[in-house]
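Both of the next two complexes hold chain A, though its partner changes from chain B to chain C.
What follows is the complex of A and B.
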């Protein structure tokens, strides 16, 4: 029981963390609450379904193609629809909802509303802490942890990461230092969507797929991001782990009450927010006017 | 006779001078005279629902547009009032004359309960935290299916009005009166304080105004109007389901208000009366209905990011540079102070 909770919680938590980090990045740099974030995750999963299932490409190749494709779609939407109206925060909010709905409806038209599943890359299972875990899950966990580490390295060790962090800290001063903030925002959007696509590509074989699958992870990702503190990568990872473990514990301790996993996660989030109104590792945007 | 003369002069001097006022009056009159143009019960039903949702969207605008307390969980007020009304109707046999006000009171109580902890939260944190409340409420409803009716909800015995035509008039008149009250609230001294809290809360506090009191007041007012809409909706549909608490319901209010124009009560109402019938017309292409709807919202907001009403108003009217009174675009001099309005001057500021 305990081992089950730990292993499954770790895997779910890392998926949420990957989604939340991407969401947090674009919020930090461009102050955009991108409600279409998990829609890109859904589209990437469908991309793999299409390339690997219908066109019979190699699974790895189809993963790479769909990640590149989804990133392209995300950047195109950003440049044509979000960037021109970035000053109007509320309009941006609704534009991202509209983008999510458009993606959902396109997938519905192309693939229908059936429940789909994506073939695994490797089969079989392995023992871990005395419980049996499918190798696909272990592979997913490994890839996600590698991706998170890569994001950390990108942010800490490269010039682009320095620019992203600077723009997130103070956009105007970053602009005065000669950075092209609009370009950095577009690149960050690309990175963020790519992270969502990677998450989608990795979990596609683990869950069933249908066009409305973006809404419930979206609610959870929003909760994770504000629990950890907006714009903080470390906070997102820790928040994701907290909420994932809460969910998994609820499901394992009372299987008949598993519909309560989201409400209970919300209660935990609210309690933490009442103690720390800016999230666990968030910065207060008090000076921003 | 003198009343008629006064009315004639009022219309000529106050309404006909501004295109936006003419549009508003024409809209209200054509809505009231709708039964002259159609006797289709389906049309009455659509416009009655539009009236209910217009109250709901305007109440979101009151809280989020004016006070800046952006709420992603506005369906909480709507759903709580709907469930209160239907429970009172089913268990205690109350009629809609009692259940609708009591539903609104329940929504106000909920507004206080969530308003107090949320006062500490700011900006996106507040928005995303309010998202949690309807989800918790749905959890509660599914935990006690015997009391709350579970997935199917609770059915209501009393209709809102005997026929569809009555329904239409009840909802439309409610929309007019409540919309007018909300508009007057935002126009009053309280409304100015609401604006100020959105623009700069610290400055308002520094001017000796108790912002906590006003923010709670905003939560209660907004909850009251959304609650009336929710209870009316439950009586109209004759059932209260968990769908009235869904995330989508909250987002619909936001989409309508922002599409019409945020921080103007009439914008939210216009947004509903444009988008809701459009959604029904799009039923002729059922397959791509949502796709077209999303594309319309995306494109309109791309080119009119401040909303439809503000965009139209800016095209039809311009402000007098001297006395700041609005004038029709066709006038060359201000209608109050007769100072010339030069279009070129406003356009090309170097």
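What follows is the complex of A and C.
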């Protein structure tokens, strides 16, 4: 049983982390709590469904087109709706919820409320430490590692990354140093939305696709980033793993209470927050101090 | 001058006469109309089939001259009421109320999500005294405890599809017995192990609570546990792995929502070596195999419609529906039957008086596409041999085929020769991987 818990926990944790990393990045850099993050994930999934399923494009081509399209949409929404009110955090929260609802209704109008399925990149199952898991899930484990490496490289080894980190540390000073802070924030938003779209490509094939599919992962993403510490990419990954392991353990130890796996994971999150209010690796509170 | 004036007058007269021939321009004749609200989540397949079934019935009845009320003929006019009850059960009440107060509907058909149907049928009966024909919600309590306990208030409510929850239990248990028997015969496992996998929703609580005792005592199976999953869960790998670990040969499902797709896909993709049987509403739909990427093959679920000859009306209705909608009907398409039942009751009553129609509705005994139909004392569907029984359908070789009732003996003691198989029903098949795995084992 322990072997099952470890393997499934690890895989599920990587899926949750993939969803949370982009959310965490945009908060860490631009202090934007983007509640539309998982809605972009949902739109990307619909894009893949449409291009691959309806227009019969190659799945990889469909993924690339969807990521580019959704990133573009994200940047446009950012420039027109978020950037003008960036300084007002509550307004940003409301606007991002509104964006998510607009995207949801647009998908509902276009595709109806039918339950759809996004094609997997790879099919079938494979053994991991003697436990059979689907290859698409294994892929999520690989992609989260690659994504983390890519985000790390971007932030630490490129001039853009340097600018992003500078803007994150102190926007005013970065501005005074001649950096185009607004442009950096827009680019960061683009990266964050692209990460949501990548999650759409990898994670959506595991789930059922319908226009409200963004809500449930949003709760999970919020829990993960709060637990890991708002704005910390590393914290998001560890937070995701903790929640996933708690959930899997609940299912194996108390089957009848399987539906309680998320609430129990939330209780664990609350307990950790009582001990460390800033989350495990919170950068926001550290900055404030 | 006089001549030209006469010509002008004649021209005006002829124009006026011609105009009367154009629809809408003639003297207004008041059309007699019966307005029926079709209530459901219209952006979802459940609502789409509510609407399609109702539309089919209304078109046919209107084409045949309409509903005869006394000596007059009335045309049926449908009003689409999008309750959005899958997403927002609480908001559904105001959508239904608007149909009554603003659109002035005379009757209502439809409904899907128990939580919503419970609320708006209460309002319809208590506040507006309109007849509501439920076509899509199974919970016993929509009628039990209402029509029987407070007839005067709730006499307006009737159910047409599906059969009530407790009858769904009976049918799904009979289907499980069929699967268990197949396992005994083909694998030599005399006491198969069964796991229950349910979604945590109000409609199935009775079933979830009863399941362990039924599995152990009635079906003589080795019950290994119940996994009660959140209805909004997007991943049930841990649950399926735990069920596999428990050594289950059968998974008894009680699922009505999208979880059914997640379940069936992961069940197939992970190669869980257990036969799947029970209620999985998503598996009743055409797109099920596509939605599960083919992994849902051999899932076995209870259903209402299939191309088998339950009665002489079943296959014609089924084919007409497929021709019109391009999909096989799900149980919410029972609005078709509901409108026909309503028409017959109105015609027998000879008036649009609600109480007179209710009295006639209670006397209904009619052959429908789902079986011979009559209402019970609680205005529910009469279930049983000779009446509506429901069906079991399985996905075999890429197609949905009916596999229950197949050689069903409803009462082996009192009627040992009575055996029911509807023409077109085929034997149940165990999934090949289940056969392979347990034979090796």
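Note that the second predicted complex is superposed on the first by the 282 of 289 C-alpha atoms of A that agree within 3 Å, B and C clash if a C-alpha of one lies under 4 Å from a C-alpha of the other, contacts with A are read in each partner's own complex, and residues count from 1 in each chain.
Following the convention adopted for this analysis, a residue touches a chain if its C-beta (ideal position, glycine included) is under 8 Å from a C-beta of that chain, and two chains touch if they have at least 3 such contacts.
Every value quoted in this text rests on a predicted model; they were computed, and no experiment measured them.
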item	value
Overlay on chain A: chain C relative to chain B, clash or fit	fit
First, second, both or neither for A:102, with chain B first and chain C second	first
First, second, both or neither for A:212, with chain B first and chain C second	second
Which of chain B and chain C A:225 touches, first, second, both or neither	first
Partner chain(s) touched by A:134 [first = chain B, second = chain C, both, neither]	second
Touching partner for A:117 - first (chain B), second (chain C), both, neither	second
Arrangement angle, chain B at one end, chain C at the other, chain A at the vertex (C-alpha, nearest 10°)	70
Which of chain B and chain C A:262 touches, first, second, both or neither	both
Chain B versus chain C as contact partner of A:170, first or second or both or neither	neither
Lowest C-alpha to C-alpha distance for chain C against chain B (Å)	5
On chain A, the residue positions that both chain B and chain C contact, one per complex	257, 259, 262
Touching residues (chain side chain A, partner chain C) in the complex	1, 4, 8, 11-12, 15, 108, 112-117, 119-120, 123-125, 131-134, 137, 206-208, 210, 212-213, 216-217, 247-248, 251-252, 255-259, 261-262
Of all residues in chain C, those that touch chain A in their complex	41, 43-45, 48, 86-87, 200, 225-235, 237-239, 241-242, 245, 258, 261-262, 265-266, 269-271, 282, 287, 290-293
Touch list for chain B against partner chain A, complex	70, 117, 120-125, 127-129, 131-133, 135-136, 138-140, 142-143, 200, 247, 251, 254-255, 258-259, 262, 287-288, 290-291, 293-295, 297-298, 301-302, 305-307
Footprint of chain B on chain A - complex, ascending	27, 33, 80-81, 84-85, 87-88, 90-91, 93-95, 97-99, 101-102, 104-106, 109, 215, 219, 222-223, 225-226, 230, 257, 259-260, 262-264, 266-267, 269-270, 273-274, 277-279, 282, 284-285, 289
